[in-house]
Each structure stands twice: as C-alpha cells, then as structure tokens.
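Two complexes follow with chain A in common, the first pairing it with chain B and the second with chain C.
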Partner chain A sequence: MPTVDTAAPATGSPARPSEPGSVLRPPRWRRTTPWLLLVLAVVAGFGLQTQLYTGQERTASTILMFVSLAVAWNLIGGYAGYACFGQVGFFGLGGYTTAVLMTHARLSFWLALPASAVLVGVFAALIGAPLLRLRGHYFAVAMLGVAEGLREVVTNVPGLTGGGAGITVPTVDAGAPTRWLGNDGFYVLFLLLAGVLVGVGLLVSTSRAGYALRAINQDEDAAAAMGINTTVAKTMALAVSAALTGAVGAAYAFQQVTIYPERLFDVDITVLMVVMVMLGGAGTVIGPVIGAVAVAFASEWLRQHYPLVHTFLLGGLIIAAVILLPQGFTTYVHDAVRTRRFSPLANLRRYRL
Partner chain B sequence: MARDHLMSQFLQATLYGLLQGGVFALVAVGFSLVWGVMNVVNLAHGAFVVAGAYLAFELHSWTGIDPFLSVPVVAVALFALGYLVQRYLVNLVINAPVFITLLLTFGLELVIVNGMIMLFTANYRSIPTGYATTSLALPGDVRLPLGRLIAALLAVGLTLALGYLMRHTRIGLAILATGMDRGAARLMGIKAAHVYALTFGLAVALAGIAGAAVGTIGTFSPADAGRFTLFSFVAAVLGGLGTMSGALYGGLLLGLAEAWGGQLLPGTLVNAVAFAVLVVVLAVRPQGLAGRSFYAARVEV
Partner chain C sequence: MRSAAVASVLVLVAAGCGSKGEATDTGAKTGTLTVGASLSLTGSLAREGTLTKEGYQVCQDVVNKKGGVSVGGKKLTLQIQYQDDTSAPDTAGQLVDQFNDKGVRLILGPYGSATTASTAAVVERNGQVMVDSSGADDSIFTKGYKRTFAVLSPATEYAASMVQALYDLANPRPKTLAFVSADDGFSKTATKGGVDKAKQLGFTVVDTEYVPNGTSDVSAALTKLKGKNPDVILGSAHLAEGVAIVKQSKELGITPSGGFAETVAPPTPDFAQTLGPAANGVLGSTQWTVKTTGKDDWFGTASDYATTFKAAFSGREPEYHGAEATAACLVLVLGVQKAGSTEPDKVRDAIAGLDEQSFFGPLKFAPNGENLTKTMAVVQIQNGKPVAVWPKESAEAAMTWPGTTS
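Let's look at the complex of A and B:
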C-alpha cells in the first residue's frame, strides 16, 4: 500500500502520489527496517568479537571479507546480470596497488585503501566501456581473460611488485607507514567494510540505478527503449563493483603482509563470489550475505576437518546446490512462501530437459 | 649470418606454432561443439583433457602400449564418462540461465581436478616414447620433431573427421538439428536428451584424445586443466562458435600467436598472449573470424 511521504522531502517539492516514482515507494517502515537491521548486525558483530578466540576471529574475518566480496559482485553480476568472471582481477589489483603504495611510496594504509579503490574503479570503467558490449558467456570469459592478463603483468614487473616471489608490506619496522592492525583490528576493519558495502547494496537496491540495472538484466533492448542509458548504467555498475572489490583487496593485502600473484589473482576467489551470490539469491540485498556466510563457513569447516579433500568436497557441494537450488535461497523462500509450494524438487522439474 | 639465424629461428617458431596449433584445434573442437549445440560453456573441458592424458599415461605404464595406439581405449572410456555426465547431471539444468551451467561445470572441474590430484598427485608427468626426441632436419636449419608431427596430424585429422561426421552422417545431422532448433528436432522424433549426451560424450572423447597427444609432446599435471579450458575458449571464439573448421583456424592461429609471442616477449609474458588475443578479438569482432555460429538462429523450446 503506497503512502504519501511527508517527512523526507523537507526542502524540495513534496512528493505527491501522482508523481512518477513516488507511487512505487514502499512505506517508511519498509525503508528504515533494513537499515536498522544492518546497524544491529554490525553491533552484533562487535559483540561477537568479545566471544571469539584468535583462531575463530581470523575465520570470522575471512567470512566477513567474503560477505563484502559477494555484495560487491552482486552489483554487476546480480543486479545487472553480467557474469563478471574476472572480479578477482579487481581484488588483486586493489591489493597490489596498496602494497606498492605502502612499500615504495611509504603511503599510509588509510590513504592507500581509498586510492586503490579509485584506481581500480577507473581501470574497470576503462575496460568496461568496450567489453560491456559483449553479452552472456562472451563477457564472462573476456573478464576472465582480463584477470589472468593482470596476473601475468603483475608477475612480470618484479621491480615494482616483486614478481612471482611476492611483495612484503612494511608493517613493523620504524619506517612502516602504518603498523599492522592485529587480529582484533582486522576483524573490525572487515566488519566495517562489510557494513559499508551492504549499505551501498541497500542504497543501490532502492535507487533509480538499481531499477535500471534490474531492467537491463531482464531485457537490455527493452531497457534501452525505455530511455535507460544502458552503457552508462552498466559501466557505472562495473566501476562501483570493481572499486569496492579493490578496497577489500587492499585490506586483504595489508592483513596478509606478504602477497603473491598466485594468491591475489586466484580464480577460485571469483568463483566463490559467484557461488555465494547465486546460492544466496542474486539481485537481492540479503541473499549475497546469507550465501557468503554459508559458503565461507562450509568452506572453512571442510578445510579444517578434511584438509586433503576439501576442494573436492566443495566441488561436490557446488554441483548439488546448483541442481537443487538454482535460483538461490532467498528467491526460493520468497517464491515458496508466495506460491505455497515448498518442494525443492520443483526446481529440478523447471530446468531439466 | 645473424640474419640467417634469425630467419631459421622464425621458421622454427612458426613450425612449432602450427604443430602446437593443430593440437589446440583438437582440444578446442569438442568445447566448441558443446557450446554451439547446447549453449553450455564447459569449464570442465580442460579437466577432461588432463584426464585423457592420465589414462594414456597409466595404460602406457601398465601395458607399455604406445600412447597413440591407446587412443581408441581412451576415447571409449571418456565417451562413456561424458555421456553419463551429460545425461544425469548437465541435462538437469540445461534450461537454466547461463550462470547455472557455468557453475555446474565449474563444480565438475573442481571435483575432477582434485580427484586427479588425490589419485596421481600434483606432480608434472609426461608419457615417454621412443620417437619423441627424434626429429627430421628440414632445409633452412629447421627441425621437425616426429612426436609433435604425429600428434598434430592426428589432431587435425580427427578435427576434419568430426566435421565430416557432423555433415554427412545421421547422428551428426541429428546433433546439428538439435542445436539449431530443439523443439523441431524433437517433433521429428529425435531424442534430445540422448543426442545431447552423445554430443557431450563425443566432445569429452575428443578432449581425452587431445590429452593423450598432449601427454606425449609435453608435460601435464592436474593444474593444467584451467589452461586447456582457456585455450579451447580462445580457439573457439577466434574461429567462430560451433563450426568444426572454426576451431581448426582458431587453434592454428592461437598456436602461431603463442610461438611468436614466446620468441618476442621477455619472461613469462607469453602466458598473457592467449588472453590478449582473446580480449582483443572479443572487443573487435565478437562473432569470430569465420563468421556467425548457427547457434544465433536457434529457437528455444
């Protein structure tokens, strides 16, 4: 039931129900509840920290990092529907930018992180302009190529990046631009990053840009016909998604201290992001968060209990999840509640030959 | 004198590139077939290549059989594997959006690659043959390695044979028809589930044979699976999807680009050549060099 919003536009013209845009506005409690929940979740995160011992705290930091990555990927992959399989390239580029700035330019981490995000965002906009003309599998693999190419470039400029031997960020000696934050510090950093990113996801989800991206996802030609500048919308989505991913990569590089191209450009990181978003529910705010927590937790649990066959089991888990829950958990629950059909076997019937 | 040396180096690189490109073509042709007919990008394709290499390796170490003679065994075994995977796994999500099939095949890749690491360790291996190091001397100080020549001839021959199979046999025409319009094909009495499984089986068998060839001319390990998938992708996109001749041109071009890149570029930058070629071709001519694929005209039912 649409209601007239009287409080929000204090200065501009008051929104009337007849105005386009205001008709679609949900009631105020539906707009504020997600924000309250987000604040509550972050506060709960701080509370949780007091209960964890060091090993658990590191695992929790990793899970929070993947929450951020999944939320960032969701912007281009979930809302716009562009299968960006090169997201780890942005992650690695952000991490290496920070490492190089801190090592060679002795720049503080708190300046290097935003600088990395901006640089990665600009880079993504530059390559996005030609590559976002591609659709479907073509875009997916072009981006995969970009990420692998970035790794090779980073490996082959050892003067700057240390090459395959890796680069170590100065964190403890007298000349260190920023001291290492410690396990507690990095937990807080990743918690706040995750909070900010989910906040960005919330903003996008209810904004004009969010609707434009959803329209592009459903039918790009129709979206263009409705007056959406699809090129600008897609490029912006990729740039923002990449910049946020780059910021997370920057934090990761600082946490790891010594980074290698093999790890920072590991294609498995991209795939984990995709798996998390798809299983949680693409194009929703909470879906990537649920997917990231579930998959990262399962992955860490398997790694600790079955270290030798952990990736093997993860692969089996992905196969089973993709077949049984192809539309993602959030979307499945949403549809099941609406249609009163709770059998997951309906999924099997929907997509099989 | 230095000029002659450079010239022969260039010729040698070109020859190597063409021989390697022939093998790339065989690696890519099955990938291109599956993509063209079913619109599935099979990220596990490279894993099947490596699986073929391991099977040939094991056959060689048990019985001493020459890897090129074990090709029929490898082909039959991998055909069966591919048939089962498609029939009972991929067919379950064949109508789902792009992401889903990508993720499914990625999960498959993880399972196969890590299964192979558990079975065979991650060490690099190669299949030793008596003639691998023998080479024929050609004029202009160029050497033609015998093992690579056999591998390339086998690969190009099989790629051409697949093209013939698709155009001139009942099963090939059924596959093409299903790829063009599945609904109409089913109305004509073609069992789509069976044809899809046959297509995938054929693709996996060819990947396995390519693996046996790769194992004789170089080293392999489970970690190479991703590289082979990428080579298939580049070759398929370069040539244009779904056409057997496209994979052949694409493979040869990629082989040449890699060989020349290896001569001209410093360090390991040659690894980036395939990606660079891929990104440039996609940005400039997404439909490939050999024109449009028949997939574009397909109607979904």
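Let's look at the complex of A and C:
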C-alpha cells in the first residue's frame, strides 16, 4: 500500500522494504523479540518484588502505574499526534466508576475494573466524535475542559460520589465485595496492567491501525487522501487510550480506598504523562516506558533527598532533557545509531536549537 | 529495539541486586530518638504544612535544649525527619511506608484530614504509632484504628463550640440559625456537630446549604437563605468560602440580626486583612489561644509557649497550627518517657493511658484516639484582630453582641 511508504520513515524502527509486499511483515525475529523482552521484563518485575521492602513495593507500584498511564497516553498523543490534555479525566472517571460500583452496587473489583474500562472507552468515543475535529491547541484545550468538567460533575453529585468529601470503597467489613489486596497484591496488579498495556502498544505499533495513526500524525489531509478513514482511526485511538487509562484509574481507586475529586482529576497527572512520553520518545513502544520509569524514579529520589527544593530540581532536569533530547530518548538513540553520531551536541545541531 | 533490550537488562540487573530484610531502629544505641513526619511542604496545603513544621521544630529545639528525652536512664536527642508529600494523600501514605522500611516507627501526623486518613491506615497496618496534629475529621476515628492519637478537638466541636458560646454569651440570645457548609469531609462533619448542638440547646435551624469546597461564589446558597431570615449565619468553611460568605451577604443585602460565625477562617490573619472592617464582630473557633489554660514541664503555659515561639521565629505570633503540632510532638515525647522505651507497642500503650495537662490544654485520649477532654476556644474579630471570648475563664475580652453593629 502506498500509504505505508509515506508513513514508515516516521516510525521508531522502520522495516526496510526488501521485496514488494513485505513492508508490513518484517523478519520473524524482529516480530517476536519485543514480545520475548516484554515477557522477560514482567518476569523480572516478579523477581524484583522479592527484593523490595513493603514501602518500596508501594513506590514501585506507583512507578508501574505511571508506566501504564504513559503508554496509554502515547496511543493518542504519540502515534496520532493529538496532544490530549484531558487524559486525567479518563483516569478519574475510571476510578470513580469502580468506586461507585463497588460501594453502591457491591460489585466485585474484578468485574468493576473491566466495566469501568468499557464505560470510559464508550464515553471517550462519544466525546471524541465531535472533539477530534479540532486540531492542535484547540483539541488540547477542549480536552482540558472535559477533564475539568468531569471533576465538577463528580463533585456535584454527592449522593453518588460523596462529592468533595470523597468516597470510601468498602474493603474490610464483612460486606466488602473484594478484600483489599495488600501492598504485594497491588504490586502484582500494577505490574500485570503495565505488561498488558505495553502489549497493546506493541500490537498497535505493528498493525495497520498504527501505521494509519502515524500517517495522521505526519499529515492528516494527505492520510485522508490516501484512503485512511481518519475519523474512525482517531476515535478508535482515543477510545482505546481512554479505556486503558480508565482501567488504571480503577486499580488506583481500589488501592487508595478513599478517593477525592481533587486528586483523581489532578491536572498534574496529565502533565506527568505528557512529560514522560515526550522525554522517552513519542510514538515508540519502549519510549513511554523509559520516560515513565526515569521521571518517576527521579522525582522520587529528589523528593527523598531534597524535601524542600525537589520540584524545582525536577523542573530543571526536565528542561535540560527537553533541550538536549528534543525528540525523546528512544528516537535519539535510534538516530545516533543510524547516523553514527552519538554526541548530544550533534543532536542539538540536528534539531537546530 | 536495542533500547528495549537495554531496558530489560537494566530491570534484570535491578532485580538481582538489593537484599530484603527488616531495618531496625538503632536509636537507643546511637542516642537519638528518630521520628518521621510526612508534611505538605509543596502543593495546595504548603502554607499550613509549613506552619505545622514550625511547630514540630519548636518542640525539637525545646526538648533538646532541656537535655532530650529520658529513656531507661539515658537521654536521647530528638530528631525529626521531614518528607514532602506534595499535599497528595497517596504520597503521604507511601512516605509513611518508607519510614517504616527505614525503621522509623514513631510518626508525627501530616497536615489535613485527607492526608491523615491515608497515613493512619498505613500506620495501623505497619504497627507504627502516629500522633495526629491536624486531622480533625471524625471519620478517621470511626475505623477502629488503635495506633493513631489526635491531640486536637474533633471536627464535630468546631461549629458546636460557637453554638455553645452563642447560648452562653449572646444577649439578646438568637433564636434561628442557618448553616452554610463547604462539602469536604471536615466541613460537613463540623456542620453536623453544630446542627446537633443547636437542636440540643433549643435553637431553630432554618436551613443548611452546601457549597463546593474552595469556591469563592456562595451567592446561590445565600439567596436561598435570605427569605428565611436567620438571626445568625454559621459558616463551616475554609478561608476562601469564609470570606465569600461575609462579603457576598453584604452585596446581596443580607444582614442577620445577630451576625456571622465561621469555623476556621476568622482566626487566620488573612481573614481580617481581606475583609477589612466587615470582618469585625465575626465569631470563629480555634484549637488554641494564648489564653488556653494548663501548663506542662516542657513548654510552661500557653503564653510561655507564645514567647518561645516568637523568639524562634523573629517575633511572629504563634497560630493554632504551630501549637497543635508542638502538642502532638509533646505527646510522643511524654509517651516515650512514660514507656521507658522506643518500642512502638509500648509507646502506644503509654500514650493510650496518658492523662496530662499542657500548654495546649488537657491531653487524654478516648479509646478511639480522639482527645475529647479538651475544649475549643471561640474568638471574635474586634478592631481587626481575633480575640478569645469563650470559654469565659480563658477570655481576653467580652463578646460584642450583636456582632453586625460593630
């Protein structure tokens, strides 16, 4: 397909077209290696668990949660290039759906989590249909508004959500639908969630849908002219990204037990997702994972060692990283290997900063 | 994919090293008593978090200046470790878990009810002990926790104390009250306590309106109240809503014949500064004033404490945030001394059995961990300054009534 030829150079690791018709099918080892590495990483995650104190386990769970969130944001923000600044809205909606289902309907957490994901996905598809007609800054602002609006709605239906006083998921009393999983349990839950999300990222990256999204990112009008149904592709990307974010929100709500609208719809969470993806490498599979681990780890380390100025230091680090690696770590490594020029200064010149 | 390989190798390496084991507190050997405090040093509660930190700091300075905490014939230097929870409850819980990993089992509470609720659950699970300095929401103490103790009066007392003050001191005594409450857990609990008290004392509560937490527009709620003509409007709210209630009532032409009473906003200096003359006559409730009765060996009386505080912070007057933090730290020190040990279980039992007087008032805990023997104080803004008017034995001035005429 001609569309693929225009889209391929934009990808993190384009397959070299060796023979006609083989563009979409790179050699077998290139298709299986990422999956093997993913399985290895999850196994390593279980290995890591045996070495952690319970407190560290909780911190590691948070890092894994941000890995999942960054990977989910990457689907719409990285591949399709639609900077979604309202992603935390999906996180909060997923969290509150689970909390409400578990509290009022006494539904098991294991049913509430997929239910939340589906509900958030459908919601995103519904608002995506009109909002994805906006591009660039307009889309970013509109989504920001959606998240703020969702928070106001949640705050103003206290009968259902507890309003500003928060809602407490029943986890200990006899009537609790699912017992609290403990630090060990939540580590495993977030590890598996992260594994599944990276798997979805891999699938999207190598599928036709992934190429369609990259084509939209490059030039939406050209993509449409090449025969891609851009509306369907974008809406699907937003819905899948939102559903996955909602699932993570559901797990977070259960882990926290008591949740408040201010935290579940905190715009800081969106900003972190965006920063993690940008630093790691937007539109790649491994980029958001590296970005999330690096930023979450740096933020945690700085907070423990510099309690008074850690936000300032983290901000400085992020600015330095953006200046030195404007295209993200993964893409930088890829470019450097390809051009044999490893100096960050060469990178600066390449991006004319 | 190369980067993927590198990342996986890193994860594997990380999985291989490190060793799991329980850290133990070496305090008794090294001569220090290490206490952990997760505080909101940045984020939306940064101001109150910093005030709380000042209170802990005063306690550490005074205790160490007087030779430290005596445990089993030895004097231990008090050392408080601070971590920043960025005002997020989930982070606060995480930090207390991290303290536990490091062997820090004695915890001083964070600022605010949401962060305290989250840390109390972790403290209970880990078998640590926490003295809460500012988490007033009663819901924290209905969960059956045995290891969290609050020095301050619970949320139910905030509005109830003002209702009692109106009953005792207001002349002519008002007949009808209306409540305007923010919708966060603390404010709602305070409102409930106030409404119950009002009914018990024979007042008529004509209306209770809820406004979003942190809003600066309460006009819809006030318009609903207008037709019901309450003698006193009681606000259960923070600074932003508290200022809005007084200001917008004026704009909407609502003048209750008695006046206004609000929970936590009036005692903060910003309240009178923002409202100017309109603040005069407004009642407020506070955990502590310089007239609070009681004294202890470490800090003396409330006014001695004020002198110490002023000396430490270049002449600034202490607020109740600092005082309640110092009191929480004092409870921990008294508990450790009484137990003669830094073992969390023994300290817990010692604190549970504590019955002491202090610059902060009585320190004695109910089985659920609340300090129910202590009463709150009611202040009134007079000439732009909050002065204590109730209870009568620790009043600085008489209550001006009705509050709206001044």
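As a working rule, the second predicted complex is superposed on the first by the 321 of 353 C-alpha atoms of A that agree within 3 Å, B and C clash if a C-alpha of one lies under 4 Å from a C-alpha of the other, contacts with A are read in each partner's own complex, and residues count from 1 in each chain.
As a convention for this text, a residue touches a chain if its C-beta (ideal position, glycine included) is under 8 Å from a C-beta of that chain, and two chains touch if they have at least 3 such contacts.
Keep in mind it's a predicted model, so treat the numbers as computed, not measured.
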- Message: Tell me the contact category for A:G227 with respect to chain B and chain C: first, second, both or neither.
- Response: neither
- Name the contact category of A:P326: first (chain B only), second (chain C only), both, or neither. first
- Query: Is A:L308 contacted by the first partner chain B, the second partner chain C, both or neither?
  - Reply: both
- Message: For A:G175 in the superposed arrangement: first (chain B), second (chain C), both or neither?
- Response: neither
- Query: Between chain B (first) and chain C (second), which, if any, makes contact with A:Y351: first, second, both or neither?
  - Reply: first
- In the superposed arrangement, does A:N156 touch chain B (first), chain C (second), both or neither? both
- Hey, what residues of chain A end up touching chain B and chain C alike? 155-156, 308, 311
- Message: Under the definition above, what is the set of chain B residues touching chain A in their complex?
- Response: 35, 41, 89, 91-96, 98-100, 102-104, 106-111, 114-115, 118, 192-193, 196, 226, 230, 233, 237, 266-269, 271-272, 274-276, 278-279, 282-283, 286
- Counting only contacts in the complex, chain A reaches chain B at residues 77, 83, 85, 130-131, 133-134, 136-138, 140-142, 144-146, 148-149, 152-153, 155-156, 267, 271, 274-275, 278, 282, 308-309, 311-312, 314-319, 322-323, 326, 348, 350-353
- Query: What does chain C use to touch chain A in their complex?
  - Reply: 1-5, 7-8, 11-12, 14-20, 22-23, 41-42, 44, 82-84, 86, 88-90, 93-94, 97-101, 114, 117-118, 121, 126, 182-185, 188, 210, 212-213
- Task: Flag every residue of chain A that touches chain C in the complex, lowest number first.
- Result: 13, 30, 33-34, 37, 40-41, 44-45, 47-48, 50-56, 58-59, 62, 155-156, 158, 163-166, 183, 252, 256-258, 260, 262-263, 266, 285-287, 289-290, 293, 303-304, 307-308, 310-311, 329-330, 333-334, 337
